[in-house]
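Below, chain A partners chain B and then partners chain C, in two separate complexes.
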Partner chain A sequence: MQTAIAGAATSTRTSWRQGRDARDARLAAAVSLAKGKIVAASDATGLLEAVIRPGDRVCLEGDNQKQADLLSSALLAVDLAKVSGLHMVQSGVVLPEHLDLFERGVAKRLDYAYSGPQSARIATMLFGGKIELGAVHTYLELFARYFIDLTPNVALIAAVSADREGNLYTGPNTEDTPTVVEATAFKDGIVIAQVNEIIDRVPRVDIPGDRVHFVVQADKPFFVEPLFTRDPAAITESQILTAMLAIKGIYAPYGVKRLNHGIGFNTAAIELLLPTYGEKLGLKGKVASHFALNPHPALIPAIESGWVEQIHSFGSEVGMDEYIRARPDVYFTGPDGSLRSNRAFSQVAGLYACDMFIGSTLQIDLQGNSSTVTTSRIAGFGGAPNMGSDARGRRHPSEPWLQAGKEADPDGLAPLRRGRKLVVQIGETFGDKNAPLFVEQLDALALAEKLKLELAPVMIYGDDVTHIVTEEGIANLLLCRDASEREQAIRGVAGYTAVGRARDAAMVGRLRERGVIRRPEDLGIDPFDADRSMLAARSIKDLVHWSGGLYAPPSKFRNW
Partner chain B sequence: MSAGQTAKASPDRTGSWYEASARTRVRLLLDPGSFEEFIGPEQREISPHLKVFGLPEQFDDGIVVGRGLLDGAPVFVAAQEGRFMGGAFGEVHGAKLTGLLRAARDLKSISVLLLLDTGGVRLQEANAGELAIAEIMRAVIEARTAGVKVVGLIGGRSGCYGGGGLIAGCCSALAVSEQGRIAVSGPEVIETNRGVEEFDSRDRALVWRTMGGKHRRLLGGAELFSDDTVQGFRDAALDLLGSVADFGLDTLKAEQARLEDRLQRFGACPDAIDIWTAEGIADAASVPALPADQFIALADQVRRTSRDAR
Partner chain C sequence: MEDLSYRHIARQRAGGTRKIAVIGVVASGNLEVLAERNLPDAECLVEIKTAAEGFGEVWNAVIADFVERHSPGGVRFSINDGGARPDTVSLRLAQAARLMQEDDQ
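For the complex of A and B:
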């Protein structure tokens, strides 16, 4: 007690509210541009020049899907004498403008999580020194750092609508917004929202108005990319075979009810096989009932067939709004009826409350490390590393988790044994353009060397992977007892790739006898049964029919 | 597939035409066990050109030709495999079809079913492919002049584009499903040459309402619309073979009059929806979403394409 008083007395600090005073000064500088909280779109650049200081940390909301596109254009147009050298801290680097900021010198330093369409350019700019890279994160890591050492000074966010008090309705694509606003508004930062419309009363309050300082009405709705729609017409028979293997060889024996699916065609095939193949295996109600998942259109037949109890979503998906609104038993919806997504919560749900992640990747090495990086692209991590990792802090038991833990450590004392999350990598031995899925060395290593990164961008580390599924069979890495068994198990499902052809046939044979490798015939699956007629929907139009006309696919996916 | 299934049991024709391979379409379309292939894959008549480009060949060069029975009546059949080279015409592929049509011309009495599924001519053997298109068109007309009915069935993955669209235009009659598209220049070609303002190839709803089966049926380019099932196409083929008129100068004059009338009535319409509206369809914008049975009822109500033309 006494030391505390002494400490206060000797503080050299003149004020404990420097941050708040600075924020108030910035707000005062912008007051002439605003009517209440409302700023005209034509004044957006002026507003940013007034409230942003050189070197500020700025979150320009670029999510996986939703983009604050008006504010990114406005920021790109600032006077460099007023605003420059910014440190961008945002999950998605997706729009060309996001990188134009660095070309122009508006921004200098970058911490991010995902850069899908800009992945090639971002690599070029890093190599050319245009961008000073902090780190590439997973979503959860970046969100976590918003609260520790990367708190934004200014957040530029996107919402569907606002009222005059600044209450925001973020609509189905809420995504990152609550997290960004939480970190910014409660640490003396400034929050500026672009909205599609300003109305008297928002349908629901996703962001309370006292956390929002300015609202700019955009002349056109913010851009949303349909990222999670996989056209059933493009699913191949070998993808169907991998899906059958996964369902019969992993979903069924572990009884996986709580899970996350990746966005590739293999998992879309699984979704479309649940009501047909899964039904035939008698698995309904026993597997795949609770998801952390975006509203995948490919899951509609399984939902309509009564497989799915509930889904929590990171974001929404273009065209799914009316379907979601009509299925509140399945999705999380607000009092207005529309989806409430939340990336941070759904990522946590995927990490701690799901027993399985299953997704496809581009490259897998002999240790089971996987990467979606090629030598010229840095796509970032997004959420997969959190979905696809064992949560060391998990303490609640579940059947699949305990069973996986037992397979990994059969001799351990059960009450002291950690369970394991099932982390499944699924793909064909040869992927797009006949590129082999299995490699001796990940391209990510060459990239790290070229860009002098301390860490090679590995999407999922080998020690987290429990199963690899290809059309050649399933490798259960939990049952491998040393590195050489693990390597041969991987080679054993690598087919005719160079990695597969270099397998030790005798050892692979022994691993198969032990059930470490299981071929389609070991599971009673005839590869000739893998036919497209097994898919519950074979086209986008079939999905529309399954949805009772509620799913409205974007034009690029139509063939009618 | 066991031998017993093919020989006697009535085949399941409820499956998707669009999804089926060329061989499956032929097998299920015809009377069970009646198909006899000419120049089958065992003869390995492969393209002499693809190897030069390091491309894989197929032993049938992507087309199945032969004869069989349709409801007891003999027919010649040709089926393109849309999943091999986009069903495109090459030298061998084209020659097999030309030969089949010439056989029909010489025999005079056996109808021909063309199961078109093609993006046009193979770029790797373009000269041979273009010549093949010309030969096939001539052979279709010669066969029809000799009294042969040539019916096109269009509902495959690759649609019916390029030279395939020209051949379709020479047929006695066409049946098409929603998935089938009939045109000469494809969406990407139009966009490349005329700009995205003229035609946005990524606007798939636009592509389908401009080139798709429903529009072709409403415009009179195709005589019948079929649901996407083998049974639907079988019924359509039987219907058309039973109703196609004889071919002669009068047919050509009638066709010319039909096309002139079409141009006059719809020439100023900027979009298919305007054409459908001009045809008196109340809620034209709803047409793309209509299920097959409702669309067929609507199309029959709007206009029964004249079987005297073509």
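For the complex of A and C:
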């Protein structure tokens, strides 16, 4: 027998504007500290105490490169009776202060994407239980969650300049800012910007002022880390050999025009070989013309030689500003002339509009899973898993994508066959301090066990990897038909690591006959070309010359 | 220092007519290879002086693969090693074999 009353239960809710009312109350609490929107740097901690509530979700703009360093110091100094137990939702855990917040108890929980410079300390603090970990994300994944279940209550961001209405100029390092502000400002959150200067009229409006509640003038420019500068002087002959293999064995046959490069020395070598070795192979205009890429100084010779049509960037790179300004045909620039970067858009571009990702890693297992985690370091993911994965939502065809799809499934019906993104892992068989690149089991598994994580931090899953390149040759995993072929293809390019020496020589021989493994001699690569004289630039100074003096390397890269 | 020596039967004589070649440098993480064409055509000998001890098994594998891949019959290789990684050793040996394939000037 049913007695339920039609019309359902009425909500016990008394208002549909609780979030807005709470935000307005927070703004009112800070009003005495602000002159319009401007707050003195000396009042920054007071401002944060006024607008942040215990347990809030806070995005403290720590990006891949730029850092809201004044605001992170200010947050670290809050009175714990007023602000504590925060849930930090930020892409980069980069500054020591970002972790000091957890030591002090200002923050408790963390969801993040990248922790490069703090990788050792964050591991220690996770083991010690100082940090309650939500998850380690890719950039795009964390940004997505800003709009669903990790929306910040307060965002603390960094910009180059502001006007009195709060319009912000973020300059070349726009990076994550538009995404963070969008999620915070339109969901009743509070946005506080630190700026290098307050001026009458900003050079361009990157963030409209009605999304910014407070502006704090910093006494020094925000910190930016030069992450994408690789000194050509440090590139080895083995790295040059891997780069030649990639160009001749992957870029050329697939005709890869749209791509993303990782930040390692192998891909820097590729960039420096395009105008020399690539030219010799007649590849100009046929490969590597459209990039989702930060402004890598190592790409300057290829740009100057007319290889590159256009580049969209996640962020900028220290020292590249004037060069970029002088090459608007190549880079995305604003009406002020400087670079407009945007991490979220560039990540989307890398995911959906690039046919290849090629990058280095620290460990690869027998299934092709790769990880940059070692037992004592957790560097996070950043963007690589997103760049280095097949976009299952992709629908537009391109030659490399179709060709890779065909190799993976030669018998499938062409109009119904998915293409595949080329996901290439490149490195020498032995890395830094003779650590083997190939392992039976990833350190990430031991770490997951130790930290009781549900997921081991795998950078790129084996089923997304299409090729592995070492100085021993190229393993084309698309052509492997079962797990044992895949394992032997990987062992076959693992050289003299324990994994490589345990190969089944007969099976590796058969895989080589089928072109699953291709050695340098199979590709007609002359070992004498693996010479530093083949690099278009052999030093940072050469890069400065190539740029016509426009590239201004940071002092740590200058030795003249 | 450790002295190692590996003797192999090669599938065929190294191409070209060059009698002697030197490549590489003795430096940390690098090596120098001297190649001399002074053995019977089917033989190949690799003699190593290395600063890093205890890597005989890896050397054995590197040299065996080198002889298999490049078939440098008739050539004696003398290596002065400064603790190079296997990838560097392979590259230098390939370069030395390639030099021997040139015609003698």
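Operating definition for what follows: the second predicted complex is superposed on the first by the 549 of 560 C-alpha atoms of A that agree within 3 Å, B and C clash if a C-alpha of one lies under 4 Å from a C-alpha of the other, contacts with A are read in each partner's own complex, and residues count from 1 in each chain.
Basically, contacts are C-beta pairs under 8 Å (C-beta built on N, C-alpha and C of every residue); 3 or more make two chains touch, one makes a residue touch a chain.
Owing to the predicted nature of the structure, the values given are computational and were not obtained by experimental measurement.
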Partner chain in contact with A:A530 - chain B first, chain C second, else both or neither: second
Of chain B and chain C, the chain that contacts the larger number of chain A residues: C
Which of chain B and chain C A:R519 touches, first, second, both or neither: second
Touching partner for A:K450 - first (chain B), second (chain C), both, neither: neither
Contacts of A:K280 with chain B and chain C, given as first, second, both or neither: neither
First (chain B), second (chain C), both or neither touched by A:R481: neither
On chain A, positions contacted by chain B and by chain C: none
Chain B residues touching chain A - in the complex, by the definition given at the top: 15-16, 18-19, 178-179, 202-206, 208, 212, 214, 288-289
Complex interface listing, chain A residues touching chain C: 236-238, 241, 428-430, 434, 470-472, 495-496, 501, 519-521, 526-528, 530
Chain B-touching residues of chain A, taken from the complex the two chains share: 532-533, 538-539, 544, 549, 555-560
Contact set on chain C toward chain A in their complex: 58, 61-62, 69, 85-88, 90-91, 94-95, 98
